[in-house]
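The structure under discussion appears below in the form of structure tokens.
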């Protein structure tokens, strides 16, 4: 292809694929880690290129306002995670939890997952997107089970089965959407392209769309981790390597959410369909409150933050369900801020678990005394995720609650209740983890603070000042989402 | 009229109450004794006591602090200033607007605060008993007093004693609220001045005493100041009752000497009648147990509040 | 389209639902596996027929996959597994068979009720086909949640997937059906291998919880 | 306005700077020194600019499409002055006290941030910036509370504190949601323009009371306050009690008097009722408490109640168009807010000095400190008299004004209020009297008598910075009590902008006395009273020493002859409170005593035990906590199910949704 027809999306996808194949042949884990970082960095560059030039939309790939947000976020978190994992796996190798062989596998899977997610985000074709999400899921399953402990296998297995059922449901929904489209758009690929679907949304068969959306909501909702389809999520987060937990919470959930949003746009654009909002609000509130209560009895620190991810997905889905310019804006903002913050938290939690040699909350105490920098970053992360200023989550939750209360006080009150309960749990644990007399080893930690600070810094800026371009862009997307 | 005569009136009145206070105590004692078929000490005995006390050395407890020595003067000063704000036989005094009825109550409260603190200074058990009971009584007496003030102020539309007195003087008829207020005020006065049934000024039975327990460690001139302040306080309350509820005979500024003489006579008469009533009361009723006192004061509080509320119901305002 | 073609397609689809019911009814492992291969066989036939009447040759691939892989290879693997891992042949059912059947009938009714609403926009064939596919999917799910044993749950999952393929082929000119069927076969292969490799006998569910407490989340 | 923002930025810069040189020895003086300078600058700025017209600034921060609005109007100025005076004195205190800090790294970064946040709340002019600063304030103060994180109680205190704080924030979020409407017009000036239906307005008001009250410590939302305030370092306790509660009161005034427009008369009810209850119950709590700092925290609750009473009166008057009376009540409220900042800071500094000197904060283990710490005890005594509303101190001046505004209440048209307000007046008087009792007890048990422990016996006077802070605040307590007219006149612009009325100008009145309504009605002259008392005390002392005996003999105390009783025999704080406990607390706190008398021949000593219950905690919070715990335990089973059951969930969800579809179509 000529340099004029240079397409950043294809470039970005190819990078991941090539990296994946290349990594399969690198023996020394240091080099593979570096290669991993390099590849993720190049991906990030290509993603940033999308700001400057959007490639023309074709039937297979597209880049529009909506998914560029996701792509860039995806690439960024992927890059920081690769940096983090470089320092993380070194320690895992020393402690012998992982062997070089497994590490090779791990890196391949990592790039494969990035490829899958990017493909899902850029696909202009609901079938292709389905396949891509499936690919991403499978690769994460492989990484979750990588420690080969009973718990890890259990978690991977649970993830696998629930994921497969979810996938099946999503596929059925996809087929139904195609069926709904085929009569107006005509057979073939054209009837599976987002652009066409959205254009003809109003003329599609509403009753088919309804059933389709139910299946898609449950199918992709499983991947988003909405209760009651959430069961795989906590264990997968807790038992897998921490970088995987970071990308799971930070990215994979978003990708599934993105798929959901796309379909919501179509269904919402069709007058004859049921109101999608109430469905999403119900699921969102349910997940929020359920996860909030589940936070209390957690003994494993990573599992606790996994539940907090469920809680936040609940808020986000609730926000999108409420809809309206404010609701959608808040949803997008919350999503961005959550993936940044949560992955930052997992970075620091990973180091904490390594230095303390345990993930048990009961055995981690007084971090701010034993490891001040690590401890305070964790505190900052939890403060941010709890929606306190000066961090960005505060803004989104402010918008969600105020706008929702003005329209449906009862729902807003429920959401606030859930948030408060969850906040109580997080605060309770934070008090024992970060403060009090320190326990366990106090050996200084070789942590890579760069990713953590980068994320927290962005979240901080998000709370204080948002660049105008980003805002208009968010607002466009919010407009698209209705 | 000139500033000088106003000042003269003000200070003259201050000196008057100061001079009169011990006599009041003496008179009351005398009458009480007579009612009890005793001869009793002469009326001027209190003056003698004071002189004797002033003459004596002060015996200070070793662990007492500067506070203990300063307190008597503060107590005396606060009480005296409070007394200076109450019109006895002449209203519209020069400094009467420096503080209204509430300020007077608060000044007495300040005196009490200092006294209670001083009582705790030596760290004896009796000082503690006295102080703790005193503040308990005050915590009920002050609200009751404030309620009385409300009632009166709402009737007279002012908390300035002079204005109230003037209003009362030319207000015809009776008000049930005012009757209640009067009863409440009397009860408060008894409690504040440590009279029977709340406290017995002439006892030294440890369990029952409140005021005496607080001044137990005092001696000599300090004790004298405190005793003087106590009798000033009694006179002050009598004057308040007199000028609010029996304001006849009060003169305002600028009246001639004969008017002065008459109103002064009226005032003395009121005081004597009051002390007679007080003596009778203290003779006929017995002292209460400390923890029944709150009920009595509670009654006063209720009366005060009721008086205030009845004002609205009876459509007076 | 000739009514005959329609009827044949309809017959195959209906047959699938019927066989799903047979699955629900089966309470012993090896016969259940046989029923599964019958299920896949029927699917293969119906897919082939769709390929015929829509004259889309690529669908034959799907048919062949269904026939070869799902009605022969996988069942054989499952049989070996049952023998090797001496799983007890009886299937412990969480819900009684009778009740299961009732539920199944309810589900079929539900799916019919839903799909027949579909406005005339879609052709009758599509409507019928998708209605039956939906009921197959739901029956498969029902099977998964009422059976306590790994193998029978795999079978339930496979029947779900058959339903999906049925729907996919039923949808006229739906692209990627072949790819999807391939992807699914891979998925199922993963599951089977997973059971086989990790000796996950009854990891779906088990009688004695103590054995598993250590593995399930937070029971450290 | 730019000055204010610059100062706030400066404070934030200081907290960033402190992170850098936190290990350095000069950190403490640098941080507190700069904070002192900035606070003084802010204080001066607000004192000067209160009379001027409001100035606004918009920064491209916060909500992107709105920006961060800031506005400096008279009300903001009044509270800026309160905040920054408190901050300045606290910084002076910190210069000395901070040296004793075990882990300065946990205090220094958050202290300036706390100050900055409080200043921001007051100048914020849109809902987002307001709540942003509000939460930041909570967060910073929480971090400061957690500075003593090794103490077991601190973790609990911090937990309860932040939970209650964010509960209040949610209430405020709701309130602003209503005020701003569904389209999110968060700027205050649009909120002012936009009027709610009476029902919604009432709801918004209740939410505002809950939100701000939970920060200010209104009963029954006060539970966090006595835990959190004492847990912090003492100068921070002073800030939290003396200043942060005032910020909450500012928030209430801003919402209720400014944003919500014309009030209806019944808006005053929540403020009046809760205020009265809070005033009385708060001081009762304080009387039952033997921990010095906790007692002070409880008395903060009382004073917040008093201020809310005044605010309720102001609201009632405003609703009935009695502008002058409304101005009187509002001025009284602001004045009392200022006064409480002054004396409560002094008291907390005193307690801090005591803790530094003895390491004890339980009154039962102190005593006799007046001999070892004469200066700080004098300051503490002055503040105690001020907080007990005794002339000539400032506490009396403001409470006198409140009584005066209560006396105007008969002019209210509503019979309900006519009857309610005097009853509230009783509560106010009761609170004042009990406060006197409380502080006689606190001062007596802590500073007077004989030392109850060796630590108390070996106490040493506080360092000069601490003393300076205490004496300055105490001096201002006296000044504000002696020259109340100046303060009142200074506060008038705030009252005028809010209730469109004002009190008679005090400066024109001869002899510096103050007149709330009219001279014939009532007047008070602190200067004259003070002068008189001082003069006659001095005079009498002179006369007595001149003409009577002046000799002094030292002897063991008399105590009715009960000689040789040990230190333990003197009255303890608990026994001081006993009469009041018997009278009031038997109902309020189900207080009762049990005598444990061993049988004859048993050498064990007899014991008198005291039992108290906190009804608010037992009947409100304990049930909630246990409910949350129970449901958490219940739901927790879902973590341990088998995959089949999880699939079951999915299946059921699917079927339900499909059925819904079937029914919907």
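Lettered A, B, C and D in written order, each chain numbered from 1.
Here, a contact is a pair of C-beta atoms (placed from the backbone, for glycine too) under 8 Å apart; a residue touches a chain by one contact, two chains touch by 3 or more.
Everything quoted here is computed from the prediction, not taken from an experiment.
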Inset, instruction - Averaging each chain's C-alpha atoms to get its centre, pick out the one most distant from chain D. - result: C
Inset, instruction - Give the chain pair, either A-D or A-C, that is connected by more C-beta contacts. - result: A-D
Legend entry - Interchain centroid distance [CA atoms averaged], chain B/chain C, Å: 99
Inset, instruction - Please report how many Å separate the Cα centroid of chain A from that of chain C, as a whole number. - result: 31
Legend entry - Distance from the mean Cα position of chain D to that of chain A, given in whole angstrom: 44
Legend entry - Centroid spacing, where centroids are CA-atom means, of chain A and chain B in whole angstrom: 78
Legend entry - Multi-partner residues of chain A (each touching 2 or more other chains): 157, 161, 165, 207, 211, 234
Legend entry - Sequence positions of chain C contacting 2 or more other chains: 114, 117, 141, 144, 153, 203-204, 212, 216-218
Legend entry - Two or more partner chains touched - positions in chain D: 639, 643, 647, 650, 654, 658, 661, 665
Legend entry - Touching chain combinations (by label order): A-C, A-D, B-D, C-D
Legend entry - Complex interface listing, chain A residues touching chain D: 157-158, 161-162, 165-166, 169, 207, 210-211, 214-215, 217-218, 222, 228-229, 231-232, 234, 274, 279, 290, 293-297, 324, 326, 366, 368, 372, 383, 386, 388-390, 394-395, 398-399, 401-407, 409, 412-413, 416, 419-421, 423-425, 427-428, 431-432, 435-437, 463-466, 468, 471, 475
Inset, instruction - Report the residues of chain A in contact with chain C in the complex, numbered from low to high. - result: 127-128, 130-131, 134, 138, 150-151, 153-155, 157, 160-161, 164-165, 167-168, 171-172, 175-176, 178-180, 182-184, 187-189, 191-192, 205, 207-208, 211, 234-235, 238-239, 298-300, 303, 360
Legend entry - List of chain B residues in touch with chain D within their complex: 54-67, 73-74, 76-78, 80-81, 84, 95, 97-100, 102-103, 106-107, 109-110, 112-113, 116-117, 120-129, 131-133, 135-136, 138-143, 146-147, 150, 153-154, 157-160, 163, 204, 206, 216-217, 220-221, 224-225, 290-291, 294, 301, 305, 308-309, 311-312, 317
Inset, instruction - State the interface residues of chain D toward chain A in the complex, per the touch definition above. - result: 60-65, 105-106, 127-128, 131-133, 135-136, 138-139, 146, 149-150, 154-155, 158-159, 162-163, 166-167, 170, 173-174, 176-178, 180-184, 186, 628-629, 631-633, 635-636, 638-639, 641, 643, 646-647, 649-650, 652-654, 657-658, 661, 664-665
Legend entry - Residues of chain C defined as touching chain A within the complex: 114-115, 117-119, 121-122, 126, 130, 133-134, 137, 141, 144, 153, 157, 160-161, 163-164, 167-168, 171-176, 179-180, 183, 187, 190-191, 194, 198, 200, 203-204, 212, 214-218, 220
